[in-house]
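Alright, structures below, take your time with them.
Next come two complexes, and both contain chain A; in the first it sits with chain B, in the second with chain C.
Coming up: the complex of A and B.
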């Protein structure tokens, strides 16, 4: 297995390349220098306390959390409808309808943001965190649909029919049988959408108006070299939070597949 | 069509449409309608920040013939194609390794490790590349403090190459998934058959594995090409504002110059480029798969 060994070495090298920039993040967040360069000049937690005492960070964080929570709940709800419809029913125009819903996945984000902006300005909707939520729901929904489709896919239709035969209504069947079985998929979708929204920049930057959102705030601070180390400290925390959310999401995704007896094909998509 | 007359199917169609309608309505209102507006704006005239109902193709003529716009579109296309090529070439062996050489129970762990960076802090990762490749950046300061170089290298910063490295890193994980999926679908007995019939491993790969995984490669190409051609952050941060791409040009026209008609024409042109490339690759894919079917 010589071929296997050299491929493994390549794969490990690739992981190093993939993670190298992220690993540099804590290195410079704890480095006692305003300049992001080698050699390192000692350990400090000043950047974390500077970031912690920055009132703007907290306002932006509150806005970002509001956006991420709203967008993930709305997108997952829309995702449940669309995934259920595409898995359970045949109807005319299904391909076109699902195509439109999934379109943001294959459209440059800038185009989504700009076309939305043009319409919002034309209609006269003031830009705020509300308009960011509108945009985030749009780009999160395809991911929710993808995750939930695989959850509904592994659902055994005869369970549902058995419930009808035993006198349950469609609504109570959905609540008692289907919902618990796809619950892990729903939680996974909520967490993924939350992470996407928290991390998203383009829509948050162009549609927030005067409101500050975390990613846009970080971007604006990058212009000031003196502010960069504190932003790297903030970034370190954000990356840690994202990784935790994703790990929990992956756990629920796998549990969902195990619960309905499906085969793990790996990955969120 | 005749089957739609069946009452059971008709009821099913109604329930299906009712079920998909909330999501569909949202997508129509907030995606289809805005895209249609941009399409309409692109053939109207914009003067002093106002779009008026004078139909014209002037915006498109300006976008497709103006030297500045042409240079920017050409740069976007070069960067996107470069990123796609690099990303897919790097990703293929990884997808192959995980699919062919990793135990089934560990496959999802590998995929999880590969996809994590994709989901986290896109903005910060791009900025870190600026810090790594910059004039006084990590590479230059590191090499200088070790004494390998005496003055900062300039060919690593603020050029198209730096844009490509950064974007290739940002979208790398995205290319692996579709290739992995298509490799997983290959019937392993075909590979054994190839070798039993006296083909070498390399020839088996070339004549069986690679053609069969082509749909995944095409999907990877599209999934990397589309977001990179519309990337906004990387040209701004890494290029230092001196290497604008389509998205930056869109921002300037839409918001700074406030010429929404021209900005819309740029957006439609970008979608057109994406569409042409996508159709081209899908046709290529069909040709690849044609003889085998």
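Coming up: the complex of A and C.
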């Protein structure tokens, strides 16, 4: 009983530590003061309009969304191929190939960013959002493979054989049976990769060149105290968008499970 | 049946998984319209053999012919076979009718005609009106029926069944066995069933191939298989068999005389003596071919004295373990529990009647 109480206190403390700072974001975004400190001085929406009229924010946001969308789609596509191949086929060097694909998961991002920068400069590729996409595909693919492997794993092999047996080709079997059944995994992979790419800093900072991306832009603005409240307003919007995105993804995941009669095991999110 | 044409022919089929020799020279033919079973313990190659018919497994040597045509270069989706999978493989994201009609996607018929075909197939398997249901909401027996309808709607030349009843409970299984037999007679399609359940194979099949370690040990109709197994292994796998050590006394013109421990001298006809394979000589006797004689009963068969060692009551039957003729040879025999037959007690002295024609010699 006593142990239960202390564990509960620990869990509450842990959650407060994790989420309380995020709650401060909207608090100071609506606070009528340039100084981020209590006591609060009054309510304002000025910071939102300041942020809204900042042309640089919109450019950075557009770049970041382009990067996140491209990286998540590419990484998920590669992930589908890799996960399918590792689940279904045996080939020489499979272990090594899968290991190398998964390596960026544990490799310090700094090393990835530095080595990519060196290589790109040596080859003479100009730095832009395109090079950031390259880097992000590299770090997102392991996540996509991990998520999709479990999706392909839960697929009964005989479903595929049944479709063949009923006259379908390998391609139409993939489209009619496999794809719909791993769709929750694909959506979840797209979402995770999108999120990883969107808030990634090191690679974006190293490889963007003259282009601005959101994470690097926000960081750069924190050097000017007067700009901080507007960035908190931007952060507040990002939190809201994330919550909406996760809710939608979770809705689709649960619907997918209900539709196929599976048991909900909590999922990735 | 015997003049029916051959539907499936295996010609010296070999299959390797790496170093493992999974199929070791299978040669057999399955007739058109036959209910054929591949029976054996797990790992004997029966499922592999079935999958070579469907085209899911390639073979390393030999040939598989379907309706006279070599299937070597025909992929699974072009073969005139359909399969009912052990897991049923019902597409979980489709409705019952979408599942059943799945194979008609490339059929040139109109939508209405296809819908009628689906409805007909569902009615055939007793699922009329279930079309709109979600496939995952069905019970095991219903999934089984959907899988059957889905495979039969394409009117294949051969229906392949991979342990289709193993996931059902006993009652349901027995019911589905009868339904499958009726269905097979109704559609007249060649059925090839894989099972490890000898009772299921005996109940359902016209002919059975018993497989051990990648080879067919015996291919025969159920009665021959049961009454005249060609080896100790087959005899042991199918039903219960008492094995009694014996000595071969003489062999002339097919007639073999043996001295079986506890039973005495017996003359056996050639059909009771399958070719030997180097085992210690034994005679086999099924439990139901031995009969306990109750006081006052007489018999034309030979008798031997026995001592009841164990009584196992089964409701409709009682099994007795009996020592024969004062020896240490113990046999199991079964008696139906009909009125006027009291259950005997352990230690009773009894007379056991048996018939020489029920014996099979293994050596």
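By definition in this document, the second predicted complex is superposed on the first by the 244 of 269 C-alpha atoms of A that agree within 3 Å, B and C clash if a C-alpha of one lies under 4 Å from a C-alpha of the other, contacts with A are read in each partner's own complex, and residues count from 1 in each chain.
Operating definition for what follows: contacts are C-beta pairs under 8 Å (C-beta built on N, C-alpha and C of every residue); 3 or more make two chains touch, one makes a residue touch a chain.
Predicted model only: the values in this text are computed from it and were never measured.
More residues of chain A lie in contact with B than with the other chain of the pair chain B and chain C. Once the two complexes are laid over each other on the shared chain, residue contacts for A:104 go to chain B alone; chain C is not touched. After overlaying the two complexes on the shared chain, residue contacts for A:165 are found with chain C alone; chain B is out of touch. When the shared chain is aligned, no partner comes close enough to touch A:43: not chain B, not chain C. The touching residues of chain A, counted against chain B in their complex, run 1, 3-4, 7-8, 10-11, 14-15, 17-19, 21-22, 24-25, 28, 35-39, 77-79, 81-82, 84-86, 88-94, 97-98, 100-101, 103-104, 106-112, 114-119, 122, 134-135, 137-138, 141, 145, 192, 195-196, 199, 201-202, 206, 215, 218-219, 222, 231-232, 235, 238-239, 242-243, 246, 250, 254, 264-269.
For chain B in complex with chain A, the touching residues are 4, 9, 12-17, 19-24, 26-28, 30-35, 37-38, 41, 90, 93-94, 96-98, 101, 107-108, 110-117, 119-125, 127-129, 131-132, 136-138, 140-142, 145, 169, 172-173, 177, 180-181, 184, 201, 222-223, 226-227, 229-233, 237, 246-247, 250-251, 254-255, 260, 263-264, 267, 270-271, 274, 278. On chain A, the positions that touch chain C within their shared complex are 156, 158-159, 161-169, 177, 180-181, 259-262.
Looking at the complex, you find that chain C touches chain A at residues 54, 56, 75-78, 81-83, 85-87, 89, 91-93, 102-103, 105-106, 134-137, 150-151, 154.
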